[in-house]
Structures are given as C-alpha cells and as structure tokens.
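Input: one structure, supplied below.
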C-alpha cells in the first residue's frame, strides 16, 4: 500500500483525486490539507464522498506529509514550489498537478505566471508527466510535473504527426474547447451558470499560460521549434476538452495507420476508426483520450479531433497514472472506470 | 460466474446495465439483443464502451438466452410479458426493468398501459424488486419486477413515515422532478436539447403510469389504502430524480431518528444529517438514494427530500442489486462506484 | 417622457431594467449608479446593450437622482430604505425592486432580513406592487414595493382560489422552482455552472425570506391568516420560475371558469386551456404569467401550475408595469415583447 | 402594409419568423402553411405566441399565397424550388430560407443536396441575401436566397480581410460552433438533451453542405478561388454560432481599422474594441453579428471571432432584413430588439 497525502483538496482536481483514489486498491489516504476547511469532514463539503472517504481536512502542520510515500499537490500555482524541496528531502515523492514545474525555462515560467520561481533548482530534475512521451523518466522520477488539461489533449493529437515529420511545424493551429470545471472551483461571475450556460465564447486569444507548455513539448516531439496558434474556448458543460487541431501536410502518408501505430500500446489513448467524430461524453469520468484523424477532401490539411475529460486524463487520472508508474504498479490500476454515458 | 443476457440493449437502461455489468466481477455477458441493431458492435453505437464490451447486438434467435442464468429485460413495456414464460420454463431467472410485472391488479395494469396483459398468471409470482422492502422474497424469486424510477425515489422517502404510522395516509403529495434520460432514448421533439434545456415544466398531472405502482406499494407499507397526489416534472439535466414529499404529521416523533433507524442497515440508502438538502449530483452514476427529512417551523407538515440517479438506483443498478440478491452474492458487488461530482 | 434613474445597475434585475427601458417609448434614462463600476460604460459590462444604452455608471453623487421623475432601486436589500426618504422628499417617485418595503410588519421584516429597518415610517405608505391585486393603489403611489419573484408566481396561482374561498387556507403548499438568475449576479460557488448544471436540489426548507411576504398577501386575499408550506428549488436554467401549488378543495366549483374570470382583464396573466402544462420558456424574456389549473382524478386536491420569467414579471417587467400605472401610461407600454422560444 | 405568407411554419426558423413578424409594424401575416398541422392554431403548437399570432396553420391550397406580396419559405431543402416559379409568376416576391437557390453552380448544388434541381432556370436570377455584400441587388430582387447560418458568420468575419487582400486566400480555416437549434426541430436522437448536453463534438469534417456556399461567396469577395477548411461543431446550447477564423497575413495592416471601416455603415454588424471576445449570448435573439479581430503575439496569423444568433441573423432576422430592402422600408424596421442577457 502506498501512503498518500493531498495538499489542497477543495478544488475540482482535489475532489477528483479523492474519487479515484478511494477506489484504488493500493492506496491508503493519510491526509488532505486545506487551511480554510481544516477540521471539516471531507464528505461534508463533497456529499458525493459519503461512505467512501473517512477523513477531515487538516492543516499542513497536522498532516505529517513527510511520512507519506507520495504527495499530490492539487493547489493553485505557486504553492508546490514552496513545499516540494522539504518533502523530497524527507524522501517523499511528489506529483504536482499545478504548473510550477512544467516549464523548463524558468524565466519563461516567471513571465507567464507573474511571480518569481521559489525553487528553480528543482525544475531541471522534474519530469513532465505525460506517460505517452516520458514513461521511462516518470518511472524513475522523484518529482513529476503533471501536464495541463489543454496540453494533454493538444499534444496527444499532434504527436504522431510531428514525430513522423509529416506536417509543417511552423503552422500549427489548436482550436480548443473546455468545460467550465477547467477554470476551477472559484466564485467568479463569468463561471456562473447564469453567465456561462446557453453561451459560447473564446478567451485568451492574445495569450494563454498553456501556450508555452504545449510549445515546449511539441518542439521536443518535432525536434525543432514550432509555431502554434492556440485559441481556447469555454463550453457550457461541466467536464471535457475537445481539441480541433489543424496542420499542413508536407508528405503523403496513411494518417490512420500512423496514429494507430503510435498508440498501439497505450492503454489510455484510443484511436477511433476512420471518419469518426469523438464526443467528450465518450470519455466522461474516465482516463481516456479518444482521437480521430481526418483529411478533408481535396486538401493538404490534416484535422485531428482529440477529446479527454479535463479532470481525469487532464488532471487527477493522469496524476494517478504517474503514481502507478513511479511505484511500479500496473499502469491502469484504479483507472479502468467505464465512461459515464449518457 | 453468472451468465447474463440483456434483451433490448439500445436504450439508456440498456447502456447503463452494460456500463455496470462490464465492471461486475461475477458476471459474464453472453448476449445483447436488438432486432434493429443486430450485427452492429455495441461499442460502435456507444463509444463509451470501447474496450469494455466486446459484443455485437444479436437477434433474439441467435442470442440463446435460454442458456443464460439470468436475463434482464431493458425493453419497452409489453415485451417482457411475452417472453418471460419461456425463459422461466427453461430455468432462466428474469429481472424485468419495464413495467410488465409491477402491478398486482392485472385489470389496473391493463387500464394504465393500454394493452391486454400477455401473461397474467405470472404476475402473482413476480416479486417487486425494491430490496429495502422485499429483500427476502427477491432472494428466492425467479421473476423480479424492477421498480420504476419515480416509485423508487418516492417510496424510499415515504416508507419510514407510513410504516411508523406518523403521517396521514389520506393526504400524500409527491412533487417529483426527473432528468430527461427518464423519458428514454427516443427521437421525440419535446426531449430535444433545443426544447427541454433552459426550461422547466410539469407533465401528466391528470395521471401518470407510476401513480398506481407507487400507491400499491405505499398502501402495503401503510397497511391500508393511501391517497396520493403525484406531479412529475421535467428538469433540464441528463440524470437524476428529486422527489419532494409532503405529509401531515399526526404524531410527534423524532423524524431524524426514525429515518436513521429504518435505513441503518441499508447499503444504498443514506440518511443525511438534519437540515440537509441533497442534490441529485451527489448520487450521479451511483446506486445510492440520499434522503433528508425536514419539519418546517410552526408546522405539522413533514417534508422529505429524496434523490436517486434514475438510471442506476432507479433502473440498472437496482436490477443488479436484485441479481446479487437472487444469486446469493454480496449485495453491493459491482455497485460501489463513487458518485461523479462535479 | 419620464426621466428615470436606476440605483444599482450591475445585477441581473438592473441589466433587465436596461433592456426593457431602452425599448420603452416614454422613458429617458438619466443615470445608472454603481459605486464599484463608476466611470465604466454600461455597454462595456453588458455587451448586449451596445447601441442601445449610451451611458456610463455614475456615483450616486453625480447621478442627480433628485431630478428624476422616477428612481428604480435594483439594489441588495437594505439600500433603498436608506435613500427613499430623501428622494420622495424631492418629489421623486420610487419603485424598489428589493425587499425593503414589502412586509408591513416591521418587526417581522427585521427578523427575516437580519437588520434594523432604516425607514419604518414609510412602510405603511408603501404600496405592494402586484398590479393584479393593488392596481388602484399603485396608480396613486409615491413608493412601490415591487414583489419578489417567487411571491409573484405563487400569489397569481393561489389568488382565484383564496378570493373565492374554495380551498382550505390552512393547508397550502407551494413547491417552487427557480432558474439560477434568481440568486443574483454574485460570484458564489453553488451558482457556478460546474456546480449547478446537470443538478437539481431544494434549499431553504427550514425558512425562506419570501415566505412571510407570500403569507401576508395570501392572507389579504383570503381574508384570514393562512398556513403555507413553501419549498424552493434550484433548476439548472438561467431564467424562469415554475410554481406547483397544492390546495384542498372544500367546495365543488368550475376551476377553469374561476381562473378565466379572475384574469379576464389582466393583460399579463394568461390562463391556459384545460389540461395544459405551461413551460417556463413560453414566457421567457416576457412579462407574462401563464397558469393552468388541474384537479387530478378522484381527488379533492387542486393543482395549479404557474410560470413567470423571474427577471421580467418577477422583477424588472413588473416594475415597469408599476411605472406605467404610476404615470398614467398604457399599462402594457414597452412590455409587449413576444417570448423567445426556442 | 406588406401581406406576408410563410410556407412551413413548424420549424425553428418558422417560429422565429413569427416572433419577429408579429412585432413588425409594416407586416400583415396572411397565412402559415403546414400540411401536417393544418387546422391547428399556431399558438397551440407554440404557446409563446399566444396573444401575438391569431392564425391557424393552413394547407397550401387554402393559403392563397398568390395573393401575398411576399412569401417566406421556411421549409426543408427541395420545397421552395418546386413552388417558386408559380409564385413569382403571380407577382409574389419570395425569400427562401432554405438552400435551394444559394449555389449558382447547379451541378454542384445537386451533388451536395442529393437531388435534381427542380428549377435551375431561376438560380441565375436569385440574389444571395447577405445585405452586407448584395444590398443593391436585394433591393431589386424578386427571389432572394437567404444565406445559411454558418455562411453568414463565416463570411462576415473573413470579408474585410479578403476584400482588402491582406490574407492568403489559399489557406482559410473556419472552426465553427453552433447551438443545436441549427439542426432544426426534428426528433433525432443525437439532438436529445440527454445526448447533446454536457457534451461537445465536431461533425461533418469530411464535408458539409455549407462549405460550397461559403466558398462561392468568399471567392467573390477575394476575386479568385479560395481554399477553405471548414469544421462545424455542436455546442450544448439552444441558439448561437461562434466562428473562429484563421488566416495567414501577407501584408501588415491595421486590422482593427480595416474591420471598423468595412462595417461602419452596417446596422447589424458590430466590430468590438481591440482585445474583445464576443460571446454568443451578446447577440441572443437579436439580428446582430459581433466581431473581434486578433493578431496573436509574434505571429502572422489573424484570428477573427464572429458571433450571431443562428435563428435571427443566421435565418429569420436576415430574411426580414431582406424583405425590408426589397420593399424599400427602413432596413432595421422590426429588427431592433435588444439581445436577451442573461
């Protein structure tokens, strides 16, 4: 059994970690911290967990996180980088679901996240936690930077094309759409049902924090720098990301075969049959990414459709996948839930 | 292992049975029938099941249902009553998720369902499949009539009060609200997103088929006939039933203690702390019923709030609970999913 | 032309007043105040108003409200009672969309609203602004207390029955459902799309501020005190209230004729044909209340279904109706929009 | 007064025409035809129209459409082309909201719409009803082909760029998103709330009927053929289209000034300030198109965001705009509704 702690358990990635870890056969939940909710039972805040999670929120001081085998950070950006060093020093492994260790260029990170990095010396040793590209490194990692939700969906869609060199890396477009839980459990007016439902809009066209993260990893896949136009949109739904990706072909190739071969041994990436249009509900509440690849008639454009559940494959599920890899467990342990449809 | 067949697997109760049975450790799915979809892979119709259900729909003739241990009917009303006799004769046990065997008074059934009953001689031996009231009989049953979704939510809310005789059985009001999946997977205009979303309405005030079913079972609990006003409403959500129940107290009693005692040993009924307001999402995709009981200030009225997922505790989950009872398995086997929130 | 000011124009009743007043042929909008947004253009906050409202928010000091003919208060409870006296003294008429002047019993108001009343001497002279019951008094009023949204829907449904004395005033039940805009434009977690959509729940069963308001007015209609059980619910939709009302008949009467006669000359109350189930979208964005009355078979219960748009007939539209009455304009002026469906 | 008939009044464009025409000061509605609903009152099918439309559906034979000044076809594709000749011969002007006369290349039309064209000789004289490009021709037209919803949003976004020659016409991408009412009022399973809500997906990547229509008109704007990748998506909302458009700049230019100049005199196109992200609700139930133009940092890509209400500017409102032009009325007559927000 792995003894696990969670820092920051009151957001959507926190409650999703709890939902999944409560069903994981090799995990013992030791503590969940929240300064604000300390003392309150977890299942009083999240009624869905009644009967499944028998813990109260604790302060970081009470939580004895240094006695855990692994600590997940489900915190706002800027928290994990302040606590990781001490935990790692105590022999605890860390999976950070926030952005603190995702970007290797510290100056770039500081520009986008608007604060000095508290722990730059750990950035180089942190492993980017996308198993489909960094599986081996994750298995040996002490500190894993769990990818963002948009970056997961976009990378999995572009990777086969860039690795094979069949599209022009200088003209990549990612038109991405996310359910509102991606914005977090925060009392902000634009996220109200009365504002966001029966509505659709883009945001962040002039710049989004996930852009440098995606670009860094796509460049690694392409073996050279890439140019990416990334436009996120807000969809009136709770969960789900749909990335519609556009690339310009520079070589004729069997796209379907390329994708199927790339992901043949990946347990959480499902390449759909030709002509498919994955919908986000087909992965709802599961750790799957489903992908379809299209080449519109009379066109040199390739269109990739990639869907994930932003809270699972885009956050908590991927974090548990990383945990399984770090502790030598079967990769899919605790992550085989059937998507909930309808 | 129990060998299981499903008749009518293309509706919402069918796909939900598949989602749950695919994760059940003691079940082997033998066949799923659908004349209309015969030959098509199940996971082509329901992409969510890719990797979990490796079957194609078959015709009833191909399905060899008489070699199953148990057959679930997830069919429109009127189908199960035509096929149950032969299956039971072949030693197969049957759980009917439709209404064919729920009402003991055959003439009353025929009035509400608008057709002659094809198998009236089996009605008396069918067991009404609400485990919280008929557990023992279900364990010995060959034919179980799985309750309707509204009846499950309404009965579980009223039962403690009627069994204890603390409310007037002559004035019961059930104001019930259901998500649209309760109406089935049918291409009908009033169920379109463009019609039913951002909207709320009552229906069937002059009479609904679940009324006689609820009344029959509440009368059994009360030990006398009851008068019930039942008003169903359509909520712009996918899953979930919320029943708001009103009764007039005729004895002073500790309502909270009454409910907690009644359901203390029920694995799927959760009585919330005093002052709670259960929301339907707190049971989403799980087999739970959560209940809160209120007595408004300066009033002799008791208000009970009862929520279920109509497709699980109101249909497929309850059917599997019944299967577990019928085959002597642990009651909760395959039914311990944590609700999906948000 | 009536010169109009709005205090508190940043909430949903505020923007709805602006939408309707911008189309009113006899209104000139002079000022909209908001301390927080002072200086910002109204159409920068509410893009929908671009081209229709050419004003910036102003501070109360700049707004010169004492030179208006009428001031609407679209403020949180507790604001209007602090400013009404001065405005009335300057000859300005006031329509308060908050609760400050709705309840005649000041001690009762203070108990429910949790603050001392700043202006108790004006309560007696304030007129409750439900035109269907107080039309004449409104026409002569200087200060109108615009009704709450739930109270409007509930009263219009119960009035014909109580005025005619055909139901027992000691056992009234109002099971009411509201879209989330009824909770206001506030950044609160339970109102997020990720929390409130695909979900349904009751709230305030142990007591809601609209209860004493409804009871006061129903008692006036009945000519005696009434007992009311009022349970509000939150519906995952933006606009709309659906009140399902239950009463016990004590006299046999033609209910349909009773309702049609009561509302025959009311321009904003529409009694539907027998057997109807009004849906909230049938009044979306309009000032209408649609009502259907049912008597379930073999029952002494009457069930009334009453729907309004909470922001129009339940707030801004009714306020403008009151303005029309106060200034001797045609009642329906500026309020004849066709409901938006789908 | 213009005497108007509507053929096919039971779909969403039909009821939207009725909503808008009922408020138009220069229109007298003579007849609405529907074979299926003949004899039924319009306001029985669409309760929202009670008090506003006092007509019953009639058969085409009873409707005496040849005595109208104008007939709107709000029919499935293939109907208008069978009836237009006779009406035009009788001196009636026609606005066809279906696709029958939109594509000038009859063979291309037949390929995409899968039927022979019944009236090819009228195609050349039909005027494409986008006032922003064909205003003068519309004013003199007898037969107007009202544009599709996607084509309206996409064209208005690309026009300034193509007319000015500042983007490469060989690489245009339109990633478009539509609410479900765009699919019509049809009882189809994928459009059910239980299927389409809390979900997002693309469709028709391999080809959509609006592609040739958009391409034809963009080519006219560019003065040469264009290459367009068009990917439509289904959004879980009722109304609204959001087109996210991508083009590659080949000249440095002040994009904001370009758009503002192009639409300076257009009453229904609103260019938002720099940095804006229009949301679909900002035009809900109105005839407006709102547009924002972006150039992401360090990029030669231009991103245009264009939103309309698919039933108004994308269908019924634009049709009435065309009517106003055809009859020499003020362009905006009957079309100045303020968008409904929230």
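The first chain written gets the first letter, and so on, giving A, B, C and D; residue counts start at 1 in each chain.
Throughout what follows, a residue touches a chain if its C-beta (ideal position, glycine included) is under 8 Å from a C-beta of that chain, and two chains touch if they have at least 3 such contacts.
All of these numbers come straight from a predicted model, not from anything done at the bench.
Visitor: In contact with chain B and with chain C at once: which chains are those? Just list them.
Guide: Both chain B and chain C are touched by A, D, going by the contact rule given at the top.
Visitor: Between chain pairs C-D and A-D, which one is joined by a greater number of C-beta pairs in contact?
Guide: If we tally the contacting C-beta pairs, A-D comes out ahead.
Visitor: What is the distance in Å between the mean C-alpha positions of chain A and chain C?
Guide: 45
Visitor: Report, in whole Å, the distance between the mean C-alpha point of chain C and the mean C-alpha point of chain D.
Guide: 36
Visitor: From the C-alpha centre of chain A to that of chain D, how far is it in Å?
Guide: That pair's centroid distance is 39 Å.
Visitor: What are the residues of chain C that contact at least two other chains?
Guide: In chain C, 12, 179, 181, 185, 194-195, 197-198, 236-239, 278-279, 281, 284, 342 touch at least two other chains.
Visitor: Note which residues of chain D are touching chain B in the complex, please.
Guide: 12, 179-181, 183, 185-189, 191-198, 236-238
Visitor: Sort out for me which residues of chain A touch chain D in the complex.
Guide: Per the stated touch rule, the residues are 171, 173, 175, 177, 179, 194-195, 197-203, 205-207, 227, 229, 231, 233, 235-240, 242, 244, 246, 248, 275, 277-281, 284, 294, 296-297, 299, 301, 303, 305, 307, 342.
Visitor: Going by the contact rule set out above, which residues of chain B touch chain A in the complex?
Guide: 12, 15, 19, 22-23, 46-52, 181, 185, 197-198, 238-239, 270, 272, 278-279, 281-286, 290, 311, 336-342
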